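In the two complexes below, chain A is the common chain; its partner is chain B in one and chain C in the other.
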Partner chain A sequence: MRYTSFTSYDIVLLAQGLGVSLALFLATTIIGLLLGSLWAVIRFYRVPVLTQIVTVFAELLKNSPVLVQLFLVFFGLPAFAKLNVTPVEAAVITLSGNTAAFVYVIAVSAIESIGRDQIEAARVFGLSRWQVLRHIIAPQAMAFAIGPLTGLLVNQLQVTSLISVIGVVDLTKIGNILNLRTLKPFVVWAMVGALYYVMAKLIAYGGATLEKRLRAHTAWKGL
Partner chain B sequence: MTFDLTILAPHIPFLLKGAVLTAEACVLALVGSLCIGMIVAALVTSASPILSRIAYIYVDLFRNIPFIVQLFFFFYGLPEIGIYLDAFATGVIALSIAGGAFTSDVIRSGILSIDTGILEAAEVSGLSKPTIFRKIVMPIALRTSVRPLGSVFINLILTSSILSTITLNELTGSAKIVASDTFRPFEIYAVLLVAYASLTYLVSLAIGALHRYLNRDQSGVA
Partner chain C sequence: MISVRGVRKAFGAATVLDGIDLDVHSGEVVSILGSSGSGKSTLIRCMNGLEKLDAGCITIDDFDVSRPKELTEARKRSATVFQLFNLYPHMTAVQNIALAPVEVLKIPPKQAEADARALLESVGLSARADAFPSQLSGGQRQRVGICRALAMKPRYLLLDEITSALDPEMTSDVLAILAKLASDGTTMVFVTHEIEFARTISSRVVFLDKGQLVVDLPTAEFFAADGGMAKPRIAQFLSKMRKD
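Showing the complex of A and B:
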């Protein structure tokens, strides 16, 4: 017996897929932000060998397809290091690393956007390198980076759709399942696309709101 | 824990065949997305509010929906309305349409950066609107946006790996086959990662050179 028409349970399925996609997106975003900022701090302190390793690693991650990275972690690691990697673990590792590489680039340029004279002035006042980073650079760099970061996150949300290929039951996988069952590709993929679109718009809106708040001190207040 | 690259030697011709397919798809998609991008950029910057609205909706939709969803939409959807294309043609079409959205954004900002004085001078000289667009707006806009166009192209190359999900055996697809033949997935995917990274690095070098060549008479542009 085949159920070729849509049922009310399909909504539950879609909601479940949406939840998995969103949860993975949020988790990998947080890990990626922390990791990427850490790499940027390593570069800020010019840690000898680590800086070069981080730079090369980030370049590799940025310039190769996420799909290949996913395959390397999901199929490669178990064969190479005899580790057992579940699809979700592979997805978290890959997407976090990928997000971190792009966050690193944004964070580095945000740090560099702050004038040398400010840092020198702060150093003259006797602030330590960490205090400079914490109180002078970080607040301004945040306001600078939030725009590119929003763009990045909208992009990374779309990248999460790739994890369906290694068997994580996210929104795209649910779309696949519904598509094979109902054989109505236009309806199914339009629905899945619409859900992704709404999520992307929400992220962009959230980013714009946050940016406005972070830049509030520089906004024109009138005479 | 063995890392033995010699195991891949007999499979190199097969992988190269996949790489050629990737290159073909990318070049065709580049041409397609440039064509779409130029038309859409012209619509977005046109004086007609309806046309620019439609073009904006297209760009907005295709930039905010994951490529894999768009690809499945075309791959499973097109046969439904009686259009039977093979995976390669479907992939190139989907890549062109998605790439076109990004390309048009780049070209649009190139168009908007043109000094209005140039356009007024052209109008005063009595050139027709299509001529202004073809002979003045497009050359300037394309020349200034070589670098951002290059990063769109690099993204296109990386995105083309997703075509392996619709049974197209391009570079990633053939690597998948080799991995299941040899049971050495780590080596093959590590090599693939480095191959893609060096390929896109070479492309970015070429784009830098092209940018410098096209803007050689521009002062102050390094």
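Showing the complex of A and C:
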């Protein structure tokens, strides 16, 4: 067997890379969704000071390249604050923040799409702000946001591939390793690409299924 | 008792309510008449705590709506039916009605749902109980709106032009329900342009003009030639409303 040929162990490597990419994606998605929604709620209730901080922070995150943010966290934090971050930590911090910024934008417009009059009605019937959030705002905002969110998450999955540059052994990094060893870039990158494709399709499918369920009340059968 | 004392409300430079005094006692049906822009809706919104008062005080059974701690209690005692229904679009008719009883009055969900179905039945809507608002006609939506208010077993019903978005046929359906509530002794404050209806069901009529409560009379006196009608402003208003 030649050094450059594929071995069955390569499948294990690919599976490992896939696992790392997926785990990072899931973790940063969950953190990003929670953070971004929290920021949107802060803005909805116009919480003094916090609203301004959130707005500026989201602006900065949205309008700078993820790669630059990643370098800032990975190289910048140790130099500036003497905080040592591992590549995985840097990846989690950066991707969560980035996802949160875009979730925030989507959540804000989703919340604003809800008629003020129903919120007033719920308040007049004695529901607390929290109950209004839970029973009136959240379900409708989710139905509104699920489409754009699915698009965002499919994109954020691709963005995870950037973290390979700081040494996280994700799917892209494994692709790199296999490519250097086998010298078959077309085969390797096609395979890696196909794996990302399948994951992206699964996310899109999950989003579409959820959307159908959340939007039962606006079921639009077409003209 | 609902008690409105010296209430002032301005939006920017425009004074919309200018020193309103009004008492509504248990069992009364008080109609609020007045031309467009006279401040009727704003008065209702002040009563249910949606607008901050600039001066004066509103209490519902002695709970001051301007005090956040007392507002919840005040709101438990009064319920509002809105001109444009303001239903929750993501919930079915039953869910719309049962939400506040479960969340605010802490009625068990099963019980609240059964109550909601019974209310819908009483307004002839049992077949549409599980429909979403978007699947209901305007008149049906407003009947759900009324059931949503009644489910709170309120002592006071606040109704702001609840038939003005409906066509005449649906209007008479909804008015029939109100007439029944009135004869059952429900206390109501009700803003309307349906002069004849106001005349038949209300015990008192008040007239708002440019943010001031210019007349507050028992119904018969309000419509009597030597009562409210003696005031040119009201005679003019009534003759205009009757023409439309």
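To be clear about the criterion, the second predicted complex is superposed on the first by the 215 of 223 C-alpha atoms of A that agree within 3 Å, B and C clash if a C-alpha of one lies under 4 Å from a C-alpha of the other, contacts with A are read in each partner's own complex, and residues count from 1 in each chain.
Here is the rule we go by: a contact is a pair of C-beta atoms (placed from the backbone, for glycine too) under 8 Å apart; a residue touches a chain by one contact, two chains touch by 3 or more.
Computed from a predicted structure; not experimentally measured.
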**Q.** Partner chain(s) touched by A:Ala23 [first = chain B, second = chain C, both, neither]
**A.** neither
Q) Regarding the shared-chain residue A:Gln118, is it in contact with chain B (first), chain C (second), both, or neither? A) second
Q: Could you look at A:Leu77 and tell me whether it touches chain B, chain C, both or neither (first, second, both, neither)?
A: first
Q: Check the residue A:His135 against both partner chains and state whether it touches chain B (first), chain C (second), both, or neither.
A: second
Q: With the two complexes superposed on chain A, say which partner A:His217 touches: chain B (first), chain C (second), both, or neither.
A: second
Q) Looking at chain A, does chain B or chain C touch a larger number of its residues? A) B
Q | Which of chain B and chain C A:Ala143 touches, first, second, both or neither | A | second
Q | Overlap of the chain B and chain C footprints on chain A, listed as residue numbers | A | none
Q. What does chain A use to touch chain B in their complex?
A. 59-60, 63-69, 71-72, 75-77, 79-82, 154, 157-162, 164-165, 172, 175-176, 179, 184-186, 189-190, 192-193, 196-197, 200-201
Q.
Help me check something: in the complex, which residues belonging to chain A touch chain C?
A. 115, 117-118, 120-128, 131, 135-136, 139-140, 143, 216-218
Q. In the complex formed with chain A, which residues of chain C make contact?
A. 48-50, 72, 75-76, 79-80, 82, 84, 86-91, 99-100, 103-104, 132, 134, 148, 152
**Q.** Contact footprint of chain A on chain B as seen in their complex
**A.** 1, 3, 61, 64-70, 72-73, 76-77, 80, 154, 158-159, 161-162, 164-165, 172, 175-176, 179, 183-187, 189-190, 192-194, 196-197, 200-201
